[in-house]
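Here subunit A shows up in two complexes: once beside subunit B, once beside subunit C.
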Partner chain A sequence: MAVTNRINKTTALSALTLSATAISSGAQAMAVPEKKQVSVRVTNYQEQPLPETRLAGGSTERYGINVLQFSYFTPVAGQYSVMTTAQYEKLSGASPYGSAENADGQTEVLMSGATIDEQRLDASVTGTRYFKSGTLASGLAVSTENDYQSVALSLDGSLEIFDKHTTLMASVSTSFDTLSPTGPKIGTRAEADGETKRSVSWYEGVTQVIDKYSTVQVGVGYTRLWGYLSDPYKGDSRPDSREQYTVSAQYRRFLSDFDSALHLDYRLYQDDWGVISNTLSGSTWTDVNVFGQRIMLSPNVRYYWQHAADFYTVKATTDEHFSSDYRLSAYGAINFGLDAQWHHKDYVYTIGVNQYLSAESWGLTGGQDTETPSLVNFTTISFGVDYKFK
Partner chain B sequence: MGSPCQLHGFFLSQEQATQAFDQTEAEVLRLEHKYSRYREDSVVTQINRAERPIEVDTETQGLLNYAKTCHEMSDGLFDITSGVLRQVWNFREPRLPTPDSVEACLKLVGFHQIRWDGQMVQLPAGMELDFGGVVKEYAADQAKKVLLSLGVEHGLVDLGGDMAVVGPKPDGAPWKVGVRNPEQPDRPIVTINLSEGAIATSGHYERYVIVDGTRYCHILNPKTGWPVQGLATVSVISSQCLVSGSLSTIAMLKGAQGPQWLSEQGVVFFAQDEAGQHFGSIEIDL
Partner chain C sequence: MMKLIAVVMAIATLSACTTVKPWERGYLAKDTMQGAPIAQKSALDRHVYFAKEGSSGGGQAAGGGCGCN
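Take a look at the complex of A and B:
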């Protein structure tokens, strides 16, 4: 006990000296967050049921997921901070096995009959060191569910230059996943048991302050995956490596006449499986005063479309690689959402709703003749609380 | 800054000397204007008059965080919101305020009552911030930085008794700094040799009134609203004038417990209480 007390005791001299040294008159020093924060979020994700006419068997119900998220952020020793997160997900419902054409030439979906009841637990910890003009962070994340385990490591850095008008960012990460499919150990489920998947990614970006009201960020990223990349439940066969490239841009502008901020994002994705996708999103954040309380409202919209992977097909085939997973098909999707935050003393209460709709023919480019009957529509609703304290 | 300010130094050239004087004067004036209660355009006036939370610049953020640390480290005695007590305490007339008026004013004192989250600050109605207790010492440290950036190696900045040493004299000899004798403020009670670091002094003789034989000085306890008693003068030496100043003020606010508290901090200091007893690691000249 005596040892602990000695270590924990901060003299006023050391605290004041540290605090005085941190005062910066000229170029701004990195703003190290002052307060701790605890956040909790619950989210319900519900896919809309399939139309029965497109069902080859099984249940019309799709996935429902309930997620509980917790995070704790704390500054440490004036120059560091630590963020820990934990997430618990409970999935239930039916996921498509794969699609096939019926006698009328229409594709039908085979749904797993039994309700899948799965749970997943994720946890992560990230430590950040704040320097005068930058940050360096490193993180560890683990994820486990009955049929999948994953470990990931990451390293991120940022550097402010040109009198803080420009920020350079770089990050590198790697992950290692192990599969252990549940259900009868036959066919691809048996094959995949014990298989592994690895990935390495890096990302580089630049953020530039344009003027008092706007900033722009551009970035490029690359990810390489290798190992067992097929889906053991769908019995497909995908290549054992995948290279992905992304280019993204973000624009943020403060509209002083409306006391709002506008966010516009674009992302282009391409990989060596033939998938090309575009994402366009926009949102605004507005401060409103309701009964003397500060409320922030953010309506948002996102448009996404992708081209199919080279080996996507709903027909039976003797090709080496094939998959009828809807996530590798050509389709377009639109997401509408509304988020609201209520700032009250040291708390922020949040609520968000989203509706996601997708269809084969909604892609601006890359449309194809094959259909994707198992595309999802889903709704999410979430509630959260953030609490800041010293 | 409300008191005479001097710069002592040995310079490499007339040009360096001129630059040194001009730039340190400019920096001290910049800070005086920025945190002056009497200027319409000062940051502190903007904060005191704002009705909504306002964002402050990095320098002010640093000073607010520093003031907050002082508040915590001193168990709430060091409080930059205590300036409103000026409304009831007027040290020009030998008259005491009524306890009721002090009580009423005390409701507007308390750093823990303000909203400060590291970027935005908001004061409850009627409360005010007063940087007077930190800006002079901070300015001494800033003036020292200016001199260092100009390549000055031998110098001392003296802002009304709060000093920061840039470096010893060219022959290595220290600067001789005298601490005022509380009974005879124009004579030193002790002379300190300073080659580096900074010294700041708080005393009960700077502004006070005497009523019925009792001295009431300008250092007010933010919890009671009344002047502190116990110590006549405290000088603290540390690496930064800002830290020295805050520690000496906190020691004065702690009164009789002040010297003990300073000893626990492990800092070099000199103190004399109202009875004439001396404390601290500095030996006095007789």
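Take a look at the complex of A and C:
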């Protein structure tokens, strides 16, 4: 297995051509990619069953989801491009209604029956205009389920400065969602029927070329949500607005001795519900030559932990706001996975596996004594094909 | 939080970096050096974390919602 070093074969001319895409470690690129590309990816997502000893009712079988993704990219008239995506999800299994402490002080979970069988379809189209030193893109995305509709608009821009050593990025988006819960129209399901949720979000970032091997991107984000933010299937009561702040950093370094790219990402999150989270992730992307074929291997690991929302509780309460949704509890999670890509002529075949594990005691800070048996563990297996038109 | 954001942005705008000529950018131009070398994987990962965790965002403006969260 010989490590390849294709870069030595890269001519100065091609490096000049490619350099425009190197500035941003985000999605933007200043030069219009020349080839049309179609990509298809299928993923099986499977959650582990809930422990039977903590089941208060319903099914222990949790969600299994099959996902089909499609995307099509095409350059237009030399200065524009259009990206179209679609994603179809077919979901079955049971979901936690809520958690509560029993007489022994143990937390038990009330699950739905294993009869939930739903589908979701989302689609988006993004048009991008490429300028000499920047890009401007606008997008429309829709998501539809039998009990939830969402429409989102976005605007993204990037600008290269300082002789292409620095790229400024900014994006704004807004979404309009409508709830229509299914099942018996009682309690919060009746209350939520026809309710709406809105959001506005912005992100600003800077990507800096550090040297010929590395870049760093840092950015700040702000999102405000308002409207009906409770979960009608969990019978909880949440505030009707939420403000979220993020600070994030992405470091990229090419390890030329190994023909490998190192990715290190960090995100700090805080909101006015009391949730604070830290996310650390790392991966390597290494080209290897196996019997003359180019194979790219990418192991990855991600560590996440969060503090609980101020109103998270598994005890009976008369407070205005309360929720026993495990996603608002304090916990930590680790994800590790491996992706492999085979580059063969105009095709790229991808296979990936990931394992996500979580536990209430895995957070570095913000831990609490409450048990959270509804925390989720899941496995994903994916297979994808990309084709670049000649 | 706002102070931290200000500090991060200030550090980010410092240009204590090496000048890299266009013909020296071959490594930086590689697919594997971009933000999301497998775009569909990254998009689905974001969606799953959005649905299964109590926080989201970072790296771009938030997109639309779904009934999963």
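To be clear about the criterion, the second predicted complex is superposed on the first by the 359 of 390 C-alpha atoms of A that agree within 3 Å, B and C clash if a C-alpha of one lies under 4 Å from a C-alpha of the other, contacts with A are read in each partner's own complex, and residues count from 1 in each chain.
The rule is simple: a residue touches a chain if its C-beta (ideal position, glycine included) is under 8 Å from a C-beta of that chain, and two chains touch if they have at least 3 such contacts.
Treat the numbers as computed from the prediction; the structure is a model and nothing was measured.
Looking at the overlay, does A:V142 come into contact with subunit B only (first), subunit C only (second), both, or neither?
second
Once chain A of both complexes is superposed, is A:A77 in touch with subunit B (first), subunit C (second), both, or neither?
A:A77: touches no partner chain.
Between subunit B and subunit C, whom does A:S150 touch in the aligned arrangement: first, second, both, or neither?
Second partner only, subunit C.
Report for A:P33: first if it touches subunit B alone, second if subunit C alone, otherwise both or neither.
So A:P33 only meets subunit B here.
See if subunit A has more residues touched by subunit B or by subunit C, and give me that chain.
C
Between subunit B (first) and subunit C (second), which does A:K388 come into contact with in this model arrangement: first, second, both, or neither?
first
Could you tell me which stretches of subunit A are touched by subunit B in one complex and by subunit C in the other?
Dual-contact residues (subunit A): 12, 15-16, 19, 21-25.
Would you mind writing out the residues of subunit A in touch with subunit B in their complex?
Touching subunit B: residues 11-13, 15-17, 19-25, 28-29, 31, 33-35, 388 of subunit A.
Any idea which subunit C residues touch subunit A in the complex?
The contact residues of subunit C facing subunit A are 1, 4-5, 8-9, 11-13, 15, 17-20, 22-30, 32-41, 43-45, 47-49, 52-69.
Sort out for me which residues of subunit B touch subunit A in the complex.
It comes out as residues 58-59, 61-63, 65-66, 69-70, 72-74, 117-119, 138, 141-142, 238-240, 242-243, 246-247, 250, 261, 264-267.
Flag every residue of subunit A that touches subunit C in the complex, lowest number first.
7, 10, 12, 14-16, 18-19, 21-27, 39, 41, 43, 45, 67, 69, 71, 85, 87, 120, 122, 141-143, 145, 147-148, 150-152, 154, 156, 162-166, 171-173, 175, 177, 179, 197, 199, 201-203, 205-206, 208-213, 215-221, 223, 244-250, 252, 254, 256, 260-261, 265, 267-271, 275, 277, 279, 285, 287, 296, 298, 304, 306, 309, 327-329, 333, 339, 341, 350, 352, 354, 356, 376, 378, 380, 382, 384
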